[in-house]
Amino acid sequence: MTEISFPIKIHGLSKVYRGKKWQRVAALRQLELTVRSGEIFGFLGPNGAGKSTTIKTLVGLIRPTEGRVTLFGQPAGMAGARQRVGYLPENPAFPDTLTGREFLALVAHSFGLARQQGLMAAERVLDMLDLTTAAGRPIRSYSKGMVQRLGLAQTLLHDPDLYILDEPMSGLDPIGRALVKDIILDLKAKGKTVFFSTHVTADVERVCDRIGVIVGGVLQAQRDVAGLLREGVEGYFCRVSNCPDKVLQPFGYKGRDDVVQELFVPRDRFNDFASQLFRSGGSFDLVEPQRRDIENYFLSLVRQAGEL
Amino acid sequence: MMRRLGIFAFFGVLLTLYVQLLGPVRQVMEQRPFVEKLGLIPHPQALKLLFPDFRALLGATILGRVTLYFGGLVEHFDDPRLLVKAVDYPAMSRAIHTAVKLDPYNMDAYYFGQAVLVWDVGKYRLANELLEYGMRYRNWDWQLPFFVGFNKAYFLGDLEGAAKMYMRAGELSGAAMFKTLAGRYLQEVGKTEMAIGYLETQLAGARIASVKKVLRLRLTAFKALRQIEEAVDGYRRRYGEWPLGLEDLTARGMLAEIPEDPYGGRFYLTEDHRVRTTSKFSLTLGAGKKKKVDVTPEETLRDD
Amino acid sequence: MTLLGATLKGIFRDRVFRGLLMVLVVFAAIPAVSTLSMRQVVSLCLTLCLSLSSLVLLVLALFLGGTVLWRDLDRRYCHALLSLPLSRERYLWERYAGIALFLGLSALVLGGMTWLVTSFVAAGYPPGRPILWTVVFGCIALDLLKCLLLVAFAFCFSAFSTSFFLPIFGTIAIYLVGGASQGVHDYLRSSAATDISLAVRRLADSLYYLLPNFSLFDIKLYAIYGLPLQTSQLLLSGGYFLVYTLLLLGLSGWIFARRQIP
């Protein structure tokens, strides 16, 4: 019964689209994924990898060809399963004859919020996303970024436990991106669960607890971001002083005329280098870890999958 | 600056061309043949199946077109001899029959049929068929049996049938006047008088200029007839014998001159001393008209 | 705000009601046109008013019924709306109710206009027979029911179609066939049609019973000529509408709930 408490549980999910001329597109293959409560999960993958397909299955817009998907233990696709979920569609669009405020009232009503409660919640999220001045205008007058922010506001409105965001940062300017990251971190601090997709690795590093990389409809890996960052350190860039050249030479240092001594030390030889340095009377001026970042990790997985 | 000038020139040239076209367009449209002007009317059954919701509207539209078409010919009415050439009676008849198939309650159709079509073309039996079809639907309306009765008595000589119709009109209207009508038709003298009465009633109720003009023309003819009939009676009273011909009336000063039949016919005296006209008060039956007008619709009217 | 309210608001914001008010200007011309009639000015006036009302309701039904769902799908509003905890059936029915409410309101306005114009004309040209106002308003009400049935058809088509082509033209086809079906049926029963083959008769018969019969909703001639009408016929039409529409809405909901929205 503990499984039931998982905000997202995907088991053996496959999806085949039937395209034009009865063409079949296998968008997802045997996807296994669990998102734990309170986790920020980044769903990383190149364009066309199947991120949106996964997310649309989660919120019941499409049905799986195979497999089981549950939200808090309830089968996805049932209206009730979405009660505790805030969903931001990819490139969202909202009934554009309504004003932002009216649309939020519609959302609040559908989540069963009382009128007064809904109004207050709407003002809170409008303010949070800097939409208060535009809230009385019809959505058709909004810019792309404003619509995206309204989409985020709409997910926050009823204070759900699980956020499913499809490319939340796309279409936003740098200020907007920073805002979204802050919001996500804020949600994490409140113990909420966030599942978001992106194809930009830089979005992932600062905010995610865990990432899953999907390429060609297959989940290639799931990793803990902290561990990945730790493991990713390949060596250190060091600036030392008063060190004899013979200590430095085995690390590929070629004697230079100037006073500044700089070199790269691989991770597994760092301890060795440090003890030699101290023994010879030298000292560190600067040590900088050199990491293979998530971008590289991502690219290597994509390469493995044969998509590059 | 050049751009502005170009825009002005563009619209200027096109507007001038448009204005230039207006005249020729109007001319061509005015010179269309009659059938085309009245419009080709699709088969009523097809219309009914396609637009069942709008059958009353279609019926009214067709009649509106007939009225406008007929009204447009009003300049010809001063010379009725030209009228029969100008008016496309078969097309009007078809249009009216289509209209009543679409909306069998439409009184305008029966009224127009009776006031214009029947008399001018002289198809009394066809007219009565149309009117009796209408009586099955407008079963509250006294005018239809009144029209049928008049046609029967005056044109078809079916006095018994006419009497029945007048009784029916009397029952429906509750007016006593119809009860006496049948009896008065039995006498020849009353006949012309009644026709004049009938026409005067119709004229009083007429609202469309073209119809009024037609009725007035007919009234003129009947008044001429009455004038001659009165002269014949006066001749007999004064001289104790019947005139042998209408020339006797002018010769002996009973009439200054024989009035003209506005329908282009010639008044004459029958063997039994009755006044008749060669035109039979019909444009197509009139003297010298060899043209036969067939106004029979493609289909007979039946209930559906 | 409910989805029903949002639907209604959306229709107003699209200036559909303003369009309707523009059409009302046409009503102002009706008294003048009516005087073209030789013998039945009031009847012609009623013919024009009722036909115009019928046409306006039909156009609204086709336009709204055919485009509202299609637009949600085409502009991808559906992704935002259907991911709310709102069942697909509920979504569809609230949209329908919104359109129905708007059409009802339009019928009310058109009925008011008909009353106004006809009363004005009748004051100048007293009609030969009294105007039966209940039948006149009943006629507009039945027109409304017919249009609501058409909207249900448009929804049914929209539930599985991706373009607005099928909803609009399919509904027009239903309108034409449903209007003609009684006429065809009567013709096939008449003596004129004895040489028509059995297969054709069977086909026509099954279509007659399967497709809606809009003749049931047409009492224009009764309204125009003040012919008395039995209440039972109105009740029968109302019941027929209710059963048929609920069937269609149920079917649309069932289809739409199974639809993939990629």
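General remarks:
As written, the chain order gives the labels A, B and C, with residue 1 at the start of each chain.
The working rule: a residue touches a chain if its C-beta (ideal position, glycine included) is under 8 Å from a C-beta of that chain, and two chains touch if they have at least 3 such contacts.
Just so it is clear, the structure is predicted and the values come from calculations on it, not from any experiment.
The touch graph of these protein chains is an open line.
Located most centrally within the structure is C, per distance between chain CA means and the overall CA mean. Between the CA-based centres of chain A and chain C the separation comes to 51 Å, rounded to the whole angstrom. The geometric centre of chain A is 88 Å away from that of chain B, both derived from CA atoms. A separation of 40 Å divides the Cα centre of chain B from that of chain C.
Note for the complex: chain C touches chain A at residues 1-3, 5-6, 9-10, 13-14, 72, 75-87, 90, 260-262.
Here chain C touches chain B in the complex through residues 33, 35-40, 43-44, 47-48, 50-51, 54-55, 58, 128-129, 143, 176, 179-180, 182-184, 186, 190, 214-215, 218, 220-221, 224-225, 227, going by the rule given at the top. Residues 45, 48-57, 60, 63-64, 67-68, 103, 105-108, 111-112, 115, 138, 140-141, 205-208, 211, 304 of chain B are the ones that touch chain C when the two sit in their complex. By the touch criterion stated above, chain A contacts chain C in their complex at residues 17, 53, 56, 59-63, 79-83, 85, 87, 89, 91-98, 102-103, 105-107, 109-112, 138, 151, 154.
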